[in-house]
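A, B, C and D label the chains in the order they appear, each numbered from 1.
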């Protein structure tokens, strides 16, 4: 069993930390909100991030944005014992991820960027997917702990590659979700039954994750947000945040991302016109069928 | 066994007619190009479409566009024996499909719109998918013949619904193909291996038909057009034609289709800038990674 | 003074006909709605379009769409006296315009397509702009009458060119209107005064017709629809109709029109989400700043 | 006459500094490239930025990006004499502009963000436009010097507002340039003469700066880049840089910018597919009419 420092105990981090405690690891935890530290029963709350970094085998962070990650590690690099393994599970811009990993290297420390997908439900159930950037050796050291928190571990490449894989995946997700909602609305506007059309496209070349397992049209599929008023799920506010990261990544590499950019802007229009930031991201269906809103 | 009239023996229709002959049906065929009639061994070439329509149980058409279909049926309605079943397998605008079906009804005839997907390979192998619009009764009569030519038969709804299902499906296909090419280019531009990134997204929420079975990035997947210089396959020229139909369908129903419209226009830009009308539609990858062209 | 047949006395046609009467011409008029014929004081209402076509020097039509124009001329070609000059002022697809002009030529008649811009206010004031397709000779014959109804006459080219010029112009108009609304919202969201920002961009390279004379932001410019609750003006429903024609024209010529397509789809989203078909087209501002709606 | 420190003597800054010398001001200049310092005859080259900041009335900077500006001022704040007026003419992200201005205020110094438009030709001729953010008092102090370097001075608002006005303007410029190229290509593809169509749209509601004074179609207008092989002018590489800033500004304010995003991505596609980064930005015409490239 390992001694683990864990910083950032919000909606995701709290569940992840509890799963590590449950697997028998010794946890030192820190969050700016004291109540969140108390919520991880069996873990030792700390007075500061630096205290949390000291004398641990592995240090895990789960924070909202790149500036928080950069700020945190800047504060704690000197506190780490030699050979501490660093794992940042935050979803941030690849540039910051690479820069922090570089500093870690200069301190002689292994670091992984390991953003997750699967949402709070996946975090609670320990079934997250990790997209990991860093060396094979570092990942080998992390594997057992990632297995506690998740069900799938993908090695995307060197430092930063985990973040890049995540923004690519989520950009593509936004594209086919918007596209699926658009195709379903087009069919319905022309008299088709959305369930029949969905079934046809699933078995044809239109098939995609949004259509197959997360249908955005109300009433087509049981157990998805669309069938419970778009109560999330993966919120529009979080999808737009991930799409901002994708756009940054594209700008820095001078990549053209016309489809992703349009999807992002449709999400922005939806967010503003339907005050839908707190709804599941499949609610983009409402932008194409605003009359569903009045049902 | 049925007596079948078949008009339109091009890349698709020729294979379909040969499969019907192979299954033991008696075929009367017509095409403006005499050689194409000769290519259907065992079928009886006719002097006109009207001759082909006379004294058959079932009449099948496979033509390029709505105006050809409207023109054909206008010429042959009076030639049909009572109770002839009409099946138009052309991909055309839903409005023309509905209008021709209405005329059929006025002549007391059952008619189906039954556009296909699966390409020339599917036509040859008899594994096409049919998306069918028309009555249950008419489809019940057609089922055995459609089974000879295809592997999947989807009943989309009343007359025209087959065409609508097809344009919805193909619009969604264009969207996730462009999106997949875009996401892969973004990853590669940031140092990721396209095969690794593809594998991650397939197992995550980015998964879609284009990524899963028709990967557009050269070298990632064996046996797809991307791995043989985009030799098609489903040509860019045909995809843009289908997208034109989708845009018409959207205009007539006042539907918003921003993602589909952008995908269509990216295909147009690709077509013009890379002279790629004769390449497989996965070659949209070249628009995002023009340097692949020089490899 | 000429004897003129005039068919189509709606919001635009009625004003145009009244201006011709006011200039001393003898008018024979027809509309399916009898009240509209009565509204043109001094004109002789007719029992049919064919009656209106007979025994006139010039025949003018102003109808909603291509199918109406094709239908009308199909009905009246045989009624025209030799040498009647035909002027279709409807905004329709270039293909129909060319086809009808070709039929006119086969009947030995000169025909112009002469769609207008300037709206009902321009129609009433006689200050319309005409974009004319047809021969120099035909335009020379029409000039005096067009001058009565309008202030600007542009000769775009041969038959159909008037329609093409109009769809190009209106597509560009939609693009810079949406772009102007977008730029103003971006500035305001970042603390700028919309009037100050408008003034700067007008005097810089951002300048365009929408910004300079038809500012879409409420309160910036007096006397425009934006400053009276977007009471039109040039309605969203009419702009989307013109954009549909532009998209058709693009599809037929295999032109890529990504910016125009997106503008059209944003107008569709706006139309559906704000029930704004009856508002002036500058109301696209509300899509970018939905909070203006609650002011 | 003032004593002025000037840092950044590239394509723009060199001309601006020479104009200030020409107007009789005493200049201390610094650039990392010694030759550039020598090119400003009559100015005193310095060994460092800090030396340039010391003992001057006004300090002007003209640098490529936000990180350079932040870095420069971080190094020189302590070198300024009390009451030195700071003017940053770089085009950078509004967030950095505001942050540096805030630091200036903490040092008791007035600061303006004053990005320019007008290109190297405007810089040489002293006819630049300045979009200024900062206090009235600071602008009053700067006016005389800005008048030497430019022809138009716009006060956009408080600190950062100059940058915001510039990104809004340039985003709108990119939109109507792409839109104008698109409308012209649509017309030409349908048989219209680009010069005739341009003239019609200029006098109609399609009018905009790109069409009116910077026509992107070769041969329509004399003296513009389009009529000299798109030799530039305002380079595609610079336009994409400005559009990146616009996208950042939109992301930070959660603004939707679908038209601007698409324009940006079309420029990226153009840049990559035609290797056109070094061409004038009106060369986007080539994306719509690639056959012009072979003329």
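Note that in this section a contact is a pair of C-beta atoms (placed from the backbone, for glycine too) under 8 Å apart; a residue touches a chain by one contact, two chains touch by 3 or more.
Computed from a predicted structure; not experimentally measured.
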| item | value |
| --- | --- |
| More contacts between chains, B-D or A-D | A-D |
| Centroid comparison with subunit B (C-alpha atoms), farthest chain | D |
| Centre-of-Cα separation between subunit B and subunit A, whole angstrom | 38 |
| Inter-centroid spacing, subunit D versus subunit B (mean Cα positions, whole Å) | 50 |
| Rounded Å distance, subunit A centre to subunit D centre (Cα mean) | 38 |
| Sequence positions of subunit A contacting 2 or more other chains | 254-258, 262, 266, 269, 272, 287 |
| For the subunit D and subunit C complex, residues of the former touching the latter | 94, 117, 129, 131, 152, 154-158, 160-161, 164-165, 167-173, 175-176, 178-180, 182-187, 189-193, 196-197, 199-201, 203-212, 214, 246, 249-250, 253-260, 262-263, 266, 287-288 |
| Residue ranges of subunit C in contact with subunit B within the complex | 240, 244, 247-248, 251, 254-258, 261-262, 264-266, 268-269, 271-272 |
| Contacting residues of subunit B [partner subunit D, same complex] | 258, 262, 269, 272-274, 287, 290 |
